[in-house]
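Order as written gives the chain letters A, B and C; numbering starts at 1 within each chain.
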Amino acid sequence: MPSGALLFQSVILGLLLGGLYALLAAGLTLYFGIMRVVMIAHSAFLILAAYLAWWSHTELGVDPLLSMVVTVPLFFAAGVLLQRLLLARLRPVTLTMMSVLLTFAIAVVIEGLLGYVFSGTQRRIQLGYGSASLELFGARIAVVKLIAFGLAAVALLSLYLVMKKTAFGWALRATIQHRDAARLVGIDTDRVAGFGFGLGLATAAIGGTALSLDTTIYPSLHWHWIGPLMAIIVVGGLGSVPGAAAAAMVLGLAQSLLQIELGTTWAQTVFYIALFLTLAVRPQGFFGGRLAQRF
Amino acid sequence: MRSLETVELTKAFGGNVVLDKTTVSFRHGKVNALIGPNGSGKTTFFNCVTGMIRPDSGRVLYGGADITRRAPHAIARAGIGRTFQLCRVFPRMTVLDNVLAAARPANLFRGARGRAEVDRARGWLTKLGIEHLAGAEARNLSWGQQKLLELAGVLMSEPETVLLDEPAGGVNPALLDRIGGLVRELNAEGRTFVIVEHNMDLVMSISDHIVVFDRGRPIAEGPPAAIRSDERVLGAYLGV
Amino acid sequence: MPSVSERLVTPGRAAGGVALVAFAAVALAYPSIAPNPYLLSVGIVVLNYAVLSTSWNFVGGFTGYISLGHGALAGLGAYGTGLLVTKGGLPSFGALVVAALLVAALAVPIGYAALRVRGASFVIVSIALVLVTLLVFQSWASFTGGSRGLNVPRPFPGMLRPEHHRVFFYLFLALLAVALLVWWLIDRSRFGLGLKAIREDEDKAEALGTPTFAYKLVVFVVSAFFTGLAGGLYALWFGDLDPIFQFSILTGSYMVLMALLGGVRNLFGPLVGALVVGVALEYFKVEFGNTPLHLVATGVLLALVVLFMPDGVLPALGSLLRRLDRTTDSSIREVTAAELAAQRIGGEQHAQSRNG
């Protein structure tokens, strides 16, 4: 039996990790809601953002957090272009399958380019505050992890506010729920869908920056993220953002606790087991209702 | 007596109750029509009956047997065939293969073009007047021809009861007459029909029994003459 | 009465037949004409790709469900064979068959989870399968050898390398022939018609009485069996397994790329795709080594096919040819129609002149 302090620390770390998962899964859920697209390249963009943060720190000497000034708008634009120029071209009948292949192809291209430009060497940001940590009831929590969680939480909250409180969010929700009806009430759904993708990819920029603070990065790292993220959106119920957030927290916590006994690699299998069981027992997911009904 | 009936069938999408404890029974061996204003739940009703959508509660009975939770293919095999509101055919298969795909194969691993099946399929194509198109890809057919093809496919699956979802939608008057005549003819051979349709001339001329839906529940039923003069029906359509 | 066009030998069919005979002749003679063992081994690698993409096409081609995880099924076949030989003491080819059957058996629960709902979840499961198998086979080092790899003893210990290659070349060729034969049999069966109906419109197929879930599951298991066989045969030939390569997401994407490139609706589409992509892959490996640009090229190619030629390059070329054909065809018909009109007018004038 692990000690109370270790257990407590794992719970905290699990929740912090779950926060980042929740942000990233929210992005994936957004794409799925808008176009029924499983966006495999989401985590590749995540790693790309992490690389850009690392690069701006080592080459330009600025704080990695500052890189977001560039990456967030850049990724937003990339998301809009991705939707308008590539995904919108696919035939609706085969959209689900072909969009997976297309976004998969994009992920592979990003991985290859990262490997070409930055080489396959593992990279890590060395920050002045990188080794600082807080002590809380015997648990040691690295400050960078708290910053990362804070970033994720703020981003998720802003996403929520954009969706709930703005006219654009209203149009986006309407588009997700019933595209034809949304068009009938005068919403330019193509435009809204493009911006929705931009919004989703912008969250990847923030997530990637948060990730770069305390993680060693390498080009193929995105595969370690897309698996758990796909599991999360299925367990949460495809298309449900609160469902994805809840599943992210539960699975992040489970992963963190299992690490104590099993080590990091085996603990990751919890995502795949959860994915398999969900599809076998309850394909509509455990936390969400019908597709994209709520936000 | 294998009649189709529903008992308190209920389906809601979110807060929007589309079918509200709908209890209906259709006349076996007759041409039944299901009419009602847009959004009154007719297509959802079809989808629940054929298993494409799971109702929240209530039952669907066919010949006394409960078929509510059965898979769509099992319901089809129980003898209920259907067409779709926006005509659906297999676009990149030939017309003949479209019909053959509906045959109930006794042996799955035999050739798809067994003589008996092909003869039967061509028989239906001939009956519907599109035999000359047998080798064409379905997506190259006109809308009206696709509607006929869809019907040929359904008939190939030998249903006792045929649910037609807007057979007259987007169809020219000549074809409309032909479809009406076909329904009567097939009915005379013993098939039961349930038809969702907006074209009142067609409904009044071919049906024996009409059920009127409003907001997910039946508000009136009876022979055409009675329905035509029913005030509730007028009210439902005019929104009074 | 079967349609006339089926019985008729069209020029397209004749060309296809000639191409098939030519391919078979070249393939059978290849071990004798290959100038060196290296090129023979390239031939084996390409044949392996051809078997893999043909096996993939049982699911992808018939049902339209795209799997990115077939690489994992091949890897399981390879490791299954290797482990049954080294730990189970089974004879090599017995182990191969048992391993493929195990992969097929494993495909039942995987398919159950992945195929009950439409579309998206199948792709998700297929990718997850690669990731989880890589994780397990790397971490479970005591059983699988982990990252150190697994050595599979050769089935013919005394055989020299060129001879070994030659035997395996024919084994892969035989496996390819069997896979193609089974695909062809399904294609023309009623089962195949049902599967194609699923690809076209799954709801519609279901409404016509096709038990779509059962159909999809059966064909997925068949596909897994052949994929497992290909993986196992590769293990016996290559003799050295590493999880990184066996459970690589790239293997699965190569299969998709090959099948899509050649055309998933055609029996020989994946084979042609494998010839093109397989040869290109080997060529680039020799010219440029293993660079990250491999990934870029694969990704760009895949994206181009998906965006511009989702039906495959060959079918796109075919329809282009047909369109050229049709333009000459219809111009002829227009001429005859014009002639008919001229005749009719002439006739009417004739009649009028008689009346007047």
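What we mean here is this: contacts are C-beta pairs under 8 Å (C-beta built on N, C-alpha and C of every residue); 3 or more make two chains touch, one makes a residue touch a chain.
Bear in mind the structure is a predicted one, so any value in this text is a computation, not a measurement.
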Most widely separated chain from chain B, with each centre as the mean of CA atoms: A
Pair of chains with maximal C-beta contact number: A-C
Between chain B and chain C, centroid-to-centroid distance (C-alpha), Å: 39
Geometric centre distance via CA averages, chain C-chain A, whole Å: 33
Interchain centroid distance [CA atoms averaged], chain A/chain B, Å: 45
Of chain C, residues touching chain A in the complex: 64-66, 68, 109-110, 112-114, 116-121, 123-125, 127-128, 131-132, 135-136, 138-139, 249-250, 253, 256, 260, 291-300, 302-303, 306-307, 310
Chain B-touching residues of chain C, taken from the complex the two chains share: 1-3, 5-6, 185, 188-194, 196-197, 200-201, 203-213
Residue ranges of chain B in contact with chain C within the complex: 50, 52, 71-74, 76-77, 81-82, 84, 88-93, 96-97, 100-105, 107-115, 118-119, 122, 134-135, 153-154, 157
Residues of chain A defined as touching chain C within the complex: 32, 36, 38, 40, 86, 89-91, 94, 96-98, 100-102, 104-109, 111-116, 120, 219, 223-224, 226-227, 230-231, 234, 238, 263, 265-266, 268-269, 272, 275-276, 279-280, 283
